[in-house]
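One structure is given below, encoded as structure tokens.
So that you can tell them apart, the chains are marked A, B and C in the order they are listed, and the count of residues begins at 1 in each.
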Amino acid sequence: MTRPGAGPSVAISQQDVRRLCEFLYRRTGMSFADNKRYYIDRRLAERIAATGCGSFADYFAMLRADAEHEIEHLVNSFTVNETYFDREEHQLRCMTASLLDELLTRKGPDETLRIWSVPCSTGEEPYSIAIWLMEHWRDVDKYNIEIVGSDIDTSALQKAEQGIYGERALMRLTRDVVARYFKPLSPGKYQIDPGLRESIRFTHANLVDAADMAQYRDFDIVFCRNVLIYFDDASRRIAAENLYDCLRPGGFICLGHSETMSRISPLFRIRRFPDAIIYQKPGADHDEQQ
Amino acid sequence: MPLIRRDDNKTAAPREPVADAAALTAALGDPDPDRRWRAARSLGSDAGAVPALAAALAAEQLPQVREAIMTALLRIGDAGAVAALLPSLRAQDAALRASAIEALQAMPEATLPFMTALFADADSDVRILATELVRNMPAETATPLLCDLLAHEPHPNVCAAAIDVLAEVGTPAAIPALQACASRFAEVSFLRFVVAVAIDQISGAEH
Amino acid sequence: MTSNSEAGAAAAPRRILVVDDSSLVRLYYRAALEKAGFAVDQAINGIEAMEKCLVERFDLVIVDVNMPRMDGLSFLRALRGSAPEIASLPALMISTEAGQQDRDDARAAGANFYLVKPVSEADLLSHVALLAGAP
């Protein structure tokens, strides 16, 4: 299978694919049914060509060393890794259907509910959270809610502050919602309504830097999606401890839907809600187990 | 508008003043687990803290704080840090062994000089756990280490553990050692099985 | 000891969750169990096992002791302390640790049986049959 620009294709055996899948499963928790193997074959061949590796063995060595973030490139090649509004809607539903009720039993009426989207990339995620709350949470007017979006990438943060998106990013939103929260700028371009833009704070944060993360405390919910799985073991562990400190006792952490805490950290409790599995910092109440 | 924004970064309670190393090492023994946790987290950039972290690890009962101590050692990442983690491989508490393996696995360069001694350890349980420590090493380093182990190893479970790592990281140079191991333990069907799978997987890379 | 047998559960095969950090061990158990007619799923450590037990129904869990991030004993304690539907899930613990203390710890954590590796196919299947019945 040669593609324009790709070098001569390298032979890949079934055993190679099995070895690769075992490695990915151990590292990331992603697993592929046998009937998906053909699909992986193709992506793998593309990545081998793109990296200029001369054999599967060379490529696998590169992957194991995670040279040039190859794990991320490979995973991206077979998952849709595009950020858009209401990506992972089940977690947003879980937030309004379950998490908030539980959090609010511990809060007084004038305490602020604090939500953090980290990494927030170009802002789709924190804006989705805000819009979701306003559209779907009956008690939205009773509480003060603070939403912060952070990322290590300052140019992404600038885009987040501008809040200008194309049609594709809005594909999951209804026309009504788009009309309520966005202003059309030009054909196919929409900007988040200024009131909403100004109510979310965007900041720089590096998940693995403890000093940086020390500025962020007392969050009730942290959305940390689609980043930890690409870190090496040491960074995952450090980031998990940093996030632990950013949460209030009993606070929740939501990972991306193909991510699992089983590859990241034992610090959090696993909670099953009707819409999603969510992780929780222990220590809020009497039901202390473990 | 129920959404509020605070632009000052001072939402958190004022931080305690930065403590010096002596105060932090003392805090590792504080009765308050939060203070122990914070002390451990602050000591990860201080190679001088290894003896204090080692002592704290031996005494610590809370899993969370143990995690933080081990993360600090892993961040320090030198031979002293490895030496401080190794005793936990002999712990009776399985959770402690699990955290220690994970921390050591994340520091392959620092762990490498200890491998020969670990693979010669009198306790087969330690040898089994030690095989995991080469999983993140480059194939050219891991393969001969594990093959040498296989060549002399009397315990089938240690062999199986080594073979599991070889199946992921091994080069075709491991095949003779794998074959020899299978014939040495011809009566153990489990070992025959794992050797066959490992050889199949490793030689898939040859063509 | 629960055996979870439902009268006339003929349709779907019994489901077993294999929890071990060694891919070759998981493969070995899976091959033997599938040949005997069981449906098998896998987890690499106690956290992943817990995640699976919370969302899917199993008839038996086979669990190792030494695993990264959450060991088998911590997993069993968490399992036995969780919601009643899953707290009574039968558990066969299979480990390399052969000491009396290890067996006692396993029993205290909630293992129904404890076997020491390496385990033959026949031994595996006979203990599985005791806890999960026929496939």
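Just so we're on the same page, a contact is a pair of C-beta atoms (placed from the backbone, for glycine too) under 8 Å apart; a residue touches a chain by one contact, two chains touch by 3 or more.
Not measured: the values here are computed from a predicted model.
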| item | value |
| --- | --- |
| Touch-based graph of the chains, sorted into line, ring, star, complete or other | complete |
| Chain pair with the higher count of C-beta pairs in contact (A-C, A-B) | A-B |
| Length of the line joining the C-alpha centres of chain B and chain C, rounded to whole Å | 25 |
| Whole-Å gap separating chain A and chain B, where each centre is the average of the chain's CA atoms | 27 |
| Separation of chain A from chain C, taking each centre as the mean of its C-alpha atoms, in whole Å | 32 |
| Chain C, residues touching no fewer than two other chains | 23, 45, 69-70, 74 |
| Where chain B touches two or more other chains at once, by residue number | 99, 102, 105, 167-168 |
| Junction residues of chain A - those touching two or more other chains | 22, 26, 265-266, 290 |
| Chain A-facing residues of chain C, complex | 21, 23, 43-45, 47-48, 50-51, 54-55, 69-70, 74, 78, 81 |
| Of all residues in chain A, those that touch chain C in their complex | 22, 25-26, 29, 260-266, 270, 272, 277, 289-290 |
| Complex contacts: residues of chain B adjacent to chain A | 1-7, 9, 11-13, 15, 41, 44, 63-64, 67-68, 71, 74-75, 99, 102-103, 105-107, 136, 138-139, 167-169, 171, 200-201, 203-205, 207 |
| In the complex with chain C, residue positions of chain B that touch it | 92, 94-95, 97-99, 101-102, 105, 124-125, 128-129, 132, 156-157, 160-161, 163-164, 167-168, 188-191, 193-194, 197-198 |
| Complex contacts: residues of chain A adjacent to chain B | 11, 13-16, 18-19, 22-23, 26, 55-57, 60-61, 64-65, 112, 114, 130, 134, 140-147, 195-196, 198-201, 203, 210, 214-218, 232-234, 237-238, 241, 244-245, 265-267, 290 |
